[in-house]
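Chains: A, B, C and D, in written order; residue numbering restarts at 1 for each.
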Amino acid sequence: MVKKLALLGAGRIGKVHAKAIGEDKRAQLVAVADAFPEAAKAIADAYGAEVKTIEEIEADASIDAVLICTPTNTHSDLIERFTNAGKAVFCEKPIDLDVSRAQACADVVRKNGGKVMLGFNRRFDPHFQAVRKAIDDGKIGKVEMVTITSRDPGAPPPEYIKVSGGIFRDMTIHDFDIARFLLGEEITSVMASASVLVDPKIGELGDYDSASLVLTTASGRQAIISNSRRATYGYDQRIEVHGSEGSVAAENQRPVSIEIATKDGYTRPPLHDFFMTRYTAAYAAEISAFLDCIESGKAPSPSIEDGLIALKLADAALKAAKEKTVVTL
Amino acid sequence: MVKKLALLGAGRIGKVHAKAIGEDKRAQLVAVADAFPEAAKAIADAYGAEVKTIEEIEADASIDAVLICTPTNTHSDLIERFTNAGKAVFCEKPIDLDVSRAQACADVVRKNGGKVMLGFNRRFDPHFQAVRKAIDDGKIGKVEMVTITSRDPGAPPPEYIKVSGGIFRDMTIHDFDIARFLLGEEITSVMASASVLVDPKIGELGDYDSASLVLTTASGRQAIISNSRRATYGYDQRIEVHGSEGSVAAENQRPVSIEIATKDGYTRPPLHDFFMTRYTAAYAAEISAFLDCIESGKAPSPSIEDGLIALKLADAALKAAKEKTVVTL
Amino acid sequence: MVKKLALLGAGRIGKVHAKAIGEDKRAQLVAVADAFPEAAKAIADAYGAEVKTIEEIEADASIDAVLICTPTNTHSDLIERFTNAGKAVFCEKPIDLDVSRAQACADVVRKNGGKVMLGFNRRFDPHFQAVRKAIDDGKIGKVEMVTITSRDPGAPPPEYIKVSGGIFRDMTIHDFDIARFLLGEEITSVMASASVLVDPKIGELGDYDSASLVLTTASGRQAIISNSRRATYGYDQRIEVHGSEGSVAAENQRPVSIEIATKDGYTRPPLHDFFMTRYTAAYAAEISAFLDCIESGKAPSPSIEDGLIALKLADAALKAAKEKTVVTL
Amino acid sequence: MVKKLALLGAGRIGKVHAKAIGEDKRAQLVAVADAFPEAAKAIADAYGAEVKTIEEIEADASIDAVLICTPTNTHSDLIERFTNAGKAVFCEKPIDLDVSRAQACADVVRKNGGKVMLGFNRRFDPHFQAVRKAIDDGKIGKVEMVTITSRDPGAPPPEYIKVSGGIFRDMTIHDFDIARFLLGEEITSVMASASVLVDPKIGELGDYDSASLVLTTASGRQAIISNSRRATYGYDQRIEVHGSEGSVAAENQRPVSIEIATKDGYTRPPLHDFFMTRYTAAYAAEISAFLDCIESGKAPSPSIEDGLIALKLADAALKAAKEKTVVTL
C-alpha cells in the first residue's frame, strides 16, 4: 500500500525530497508545512499535496511518516514530537548543532522505540554503493586507507554560514559518515587543519572554508578528507579505498560525458553543478530505503546513532583545528 | 493539459515506452492493445490504463496519440489508420521492411497531414545531443568524418532474426539515422562488408551478424559504421565526429563507474547490458519531444521521411554487401 | 659485437633512425650518404660517423648493414644493389610506387638470399605490441573486426604530395600493414571512399586527404581504416580489435598526461605532434629487431613480402576509390 | 665539453644513475667505487668506466663531479670531502638520518662554496613538471591544497628497514619535497597518523608501513600525503593541486596503456612496477639538470637546503605520529 508522507520544510533540500517522493510509486506526498506558506504551497501544488501546519500533520493518523527538512535548530524537537506521535521520521543532518541536545533526542527515540533515519544521502549513491560492495565482496582485501575528496562548487551565503554550525558540522559531516561507511571500524582519533582561503567573510564569521583531516581507527586504519567550499570545475565528490589486495575508487560524475579535442587539448565538460543533480539517484534510493523500513519494520540505516557519531566527530574536528591538537575519542 | 496516450504492442519496446510515459507528468497511458491480452494487461495494470482493442482506441476521441510498438509488418497500416483517425502517431522503426510500402504510407501521411514521429531514440540521448550541440556551436569546425560503433551484447533468437528484415533494416537503421543526424548532408553512396562471424544459424537464415560500412555524402564527407551482434563487454554505443577544427566523441556508458585496481590491473565494470538501461534518458526525452509536438503543433522530428531515408540506406547496404559493389543513391 | 651501419638518406626519417642507432649499444653509425652533403654531415657529426658516397659504402666490407631512407624512387635499386653486396638492408616504406618494380625487386632479393626488413615502425610500438600479445594470449577470442584510426596532424607540402604516390601508398600503407598484423588473415577485398576535405591543392594534384576504408578477409573478418591529413589535436593513432570473447584497444599517447580542471571543463594536453615523438620507442625497438636479425640470421619481419602486399593493397584502394567499386584481390 | 663523472655506490640507485649518464651525450661515467668490487665492476664494465677507490676519485683532477649513492650514514662525510676537493656533488636523499649532522654538513658546504644537488628525482618527472608549469602559468589561480598519493608496490626487506631511518625519512621525504615544490610556501605544521597494517615485522623494527599526513603553511595552504608500503596494482604516484581557479592533476603511469574489454569488464594493465621504470625520464632529466649546473655555474636545485628542510619535516612527522600531536616548525 502507498505510504503517505508529509514534508516539514519547503526549502532547497525539501524540494529534492519532494521530487524523489513524486517519482516513487510506493509513496505519496500528502502534506507540506513551512514557516513560509508560499514555499509550502509551491511544493504542495506540484505534487498534489496540501499545505498543513505541523500540528495538523501530527494529528493526522493517515500520515505514515514525516521528512524533517526544517532549520537545524528544530530537528531534535521535531524528531521527538513525531516519534512520540508514532510516525516514522526521516531527518536531514545534522540532528542538532549541540551534541548533548542530539544525545538527549537519541535517548528519547531509544525510549519511545521511534523509527528515525538520518539523511546521509551519499550512502545511497550507486557508485559509492558499488565501492562498498567491492569491499564486501573481498575485491580489495582488508580495508586500510580511505580517501574522500569533497568540495562544493561555491560557498554558501553568510546567512547560511551563520546558522550552519561551521564547515565540520555542515559539510564534513557527510564525509565523516562516508568514512565510517567504508572504514568498517569506529574512528578513535581526529586531526584537522582548517583555513580561510576562499572567502575572508567566512573567516570573519568564525568559520573555515578549507580543511584537511586525518581520522584513525583503533586498529590503525586511516581516512583522509579534503574539503573546500570552492571548486570552479563543479561538485567534486570522490572516494577511494585502499586495501591489502587492491584499491577501489568512485570517480566524479558529470551530466554528459563527451570529449572535445582541438588544438588546445582534450576537454570534457565540468562536473555536476551541485548535490541536486549529482545525487539524484541517491535521493531516490534513500527514499526507497526509508519506505522499505516503514514497510518491513526493520531498523533504519543510517540511524540516529550514526547521526550522533558524525556530530561528535565534527565537534572533535573543530576542537582539533582550533587548538591545533589531535583529539582522541 | 495531460495528453492521453494509447500503446499498441505490449512487447519489450512497448514496456520501455510505457515506463517513460509513466514518469512524464504531461502524459497518461490510458489504453494498451496487444494480440496477447495478458501482455497488454500487465502493462495496463502497472500504469493504471485499460486493455482495449485497436478499434476501441481508434474510436476513442479522448485519446490524443498512439505509440505503435507492434510487429513491423503492421506499422504502415496502423500509421495510416491512426493518422486518418486524427491522432498523433509515434512509430517504432522501421516503417516497413518494404520500401515501396513505406513510401506509400509516407504519401498517405503527407496527404492526410498526419503527425508521425519515428522511434529513433538515439537522437535523444543526452550525450549524443551534446555531440550534436558541439557541432552546432562550431567547436569542431566543418564536419568531415563520422565514426559510429554500434554492437549489441548478444544476437537475438532465430525467430526474431526471421522477421527482422536483416541486420541492416533492424540494427544498422539506427546508425544510418545517427550518421545523417551528425553528417549534416544526405548520403549519396553506400559500401558494406557483411559476414557471419558470431552465429552460423544467422547465416543459415540468410542474414549477417557483423558489418562494416562506409557512407559518403555529395561533398565527400564520410561515415563509418561498425556493427556486431555480439559484444561480451556490454552494449557498445559510441560516436565520434571529426571536423576541420577538432573532434568530438561520446564514449560508452556504464551503470556504475567505479574502478578496482589489483595485481591484475585496473578494472571498470562492463557497459550497460542493453538499450533499455543504456537509453533510459533518451526514451524519456523522446516521449517528451513527442508531447512537445502534440502540444505545439510543430512537425515531429525524426519524421516519417527520416524513417524512409534510413530504410532506403538499409536496402542500399544490403545490395552493396550481397553484390560486393558500391551503391549510389 | 657492435654492428656497423650506414645511413642512406639524411632527411627527416633518416634523422629518426640515426637517433635510434645512436642510443643502441649494439650498433654504431659509421657512414652517412645524401645528395646534399651538408645534410649528411649534420647527422654524421652528431653521431661520430663519416660522410661517404653510396659507392664507398657499398665497397666497405666492414659495414654490416644499410638503412635506406632516400626518396622512394631509389628504394628498389638500392635494395637490389646492397643485398647483392651482401649487406643486410633496412628500407623505409614503400618499396616502390610501382608494384611491378617492387615485385621485381622482391624477386631479386629472393634469388640473392638478401636480408631485407621493411620500415613498418608501428608494429614495434609497445602499445600495439601489447594489443597483439593480448590477441595471441587469447584474451579476446577469435579476431573479428579491426578498427584503425590514423590521422596526421597536418598535410605535407605540395612538393611531397607530388612524389608521395598518393595518400594510400604514402599514409594508409602503414594501416594496411597494421591491419594485416592484427587480422591474422590475408585481405581479399578492399573498399575505399576518398575525398578532398582538408586542402583543395591536394585535390588539384590528383590526391585525396580524407579516406575511409573497409578491408575484408576470406573468412569475413573486417578491418576499418579512417585516415585524414589533418587532426588539430595532434597525431591520432588508435587501434581496436574486436573478437568473439572481447575487445582490446590502444588509445592515443601524449607527451605529458596531466589534466587541468576549471570552470570550462577538464582538459588534457594535445597528443604527440607527429611520428618522431609518438613512435620514439617503436623506432628504437625496430632498430633492435633489425640488429637481432643481423646477429641471429633469422628472417626479418616485416619482410619485403609484407611491403609488397601493403603496396598491392594501396593500389587496390586507389582503384576502389577512383572507380567507386569493390576491388577483390 | 663532456663532463667526467664518478659514481660512489653501485647498488640499485647507483645503477639507475649510471644508465642515465650512459644515455646523456654531455656526460661520461669514468669511475665507479663500491665496498663490493664486483658490484662496481659490473657497472664500470657496462659503461666503459674504471673501478676506483674513493681516494683515487678524490685525487683525480680530471673528474668533474661525483654521484653519492652509498649508504646514508656516509653521505655527509662524502659531501664534505668531495666539495672540499672542488668537485660538484650529486647526493641521494637523505643527507643523513640525523638532522644536526646534516645541518653541520650543509654548513660546511656553505663555507666551502660547494655545488651540491640533492636526489629528489620526482621534481624532474615530465608530468609533475607539467603540473608545476600549469601552476606557474596561472591555470589554477592561487594554490590552496596539494594532495600526494605515494605508495610503494611492496615493502623493502627488514635489513633495509633497519637502516632506512623509518618511513618518513626514507619514503615520505620525497613527498615532503614535492609538497614544497607545489605549495609555493614553507610548511609550518605537521600532523601524521602512522600504523602498521602491511607487515607486523615492520612494527617490530619500530617503523610504520602506512601513513596519512597533513602539512600546513603559514597562510593556511594544506598538503595531504597518503603513504603505504604496499600497492598490489603497482607503484602509485599521483599528485593533485587545487587552486582558486581550478585544479591540476598528474595521474598514474603504466608501461603500456591498452584496455581489454570482456564480460568481466574493462581492464588496463597494472602501473609501473617501481621507480626504476616509473621515473626513467625523471632520472634522465635530473642528470641533465646536474650537468647544466656544472656547465653554467648556477646553483643546483634541489639544493642541500632543500634536503635539510625535507629531513626536518620527516623528523617532525615522526614526532607527530609517535606523540599523537601536531608539530609546529
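Details
Note that contacts are C-beta pairs under 8 Å (C-beta built on N, C-alpha and C of every residue); 3 or more make two chains touch, one makes a residue touch a chain.
Going by UniProt, the chains are A, B, C, D = Inositol 2-dehydrogenase.
Just so it is clear, the model here is predicted, and its values are computed rather than measured.
C-beta contact counts were set side by side for A-D and C-D; A-D has more.
Farthest from subunit D, judged by the mean position of CA atoms in each chain, is B.
Averaged C-alpha coordinates put the centre of subunit B at 57 Å from the centre of subunit D.
Rounded to whole angstrom, the centroid-to-centroid distance between subunit C and subunit D, based on C-alpha atoms, equals 40 Å. Contact of a single residue of subunit C with at least two other chains is seen at positions 231-233, 245-247, 261-263, 269. Touching subunit B in their complex are the following residues of subunit A: 23, 126-127, 129-131, 134, 139-140, 245-251, 253, 255-263, 269.
Remark: subunit C residues 142, 144-145, 147, 149, 151, 189, 191-193, 195-198, 210-216, 219-224, 226, 228, 230-233, 236, 242, 244-247, 324-326, 328 touch subunit B in the complex.
Every residue of subunit A that touches subunit C in the complex is listed here, in rising order: 232-233, 261-270.
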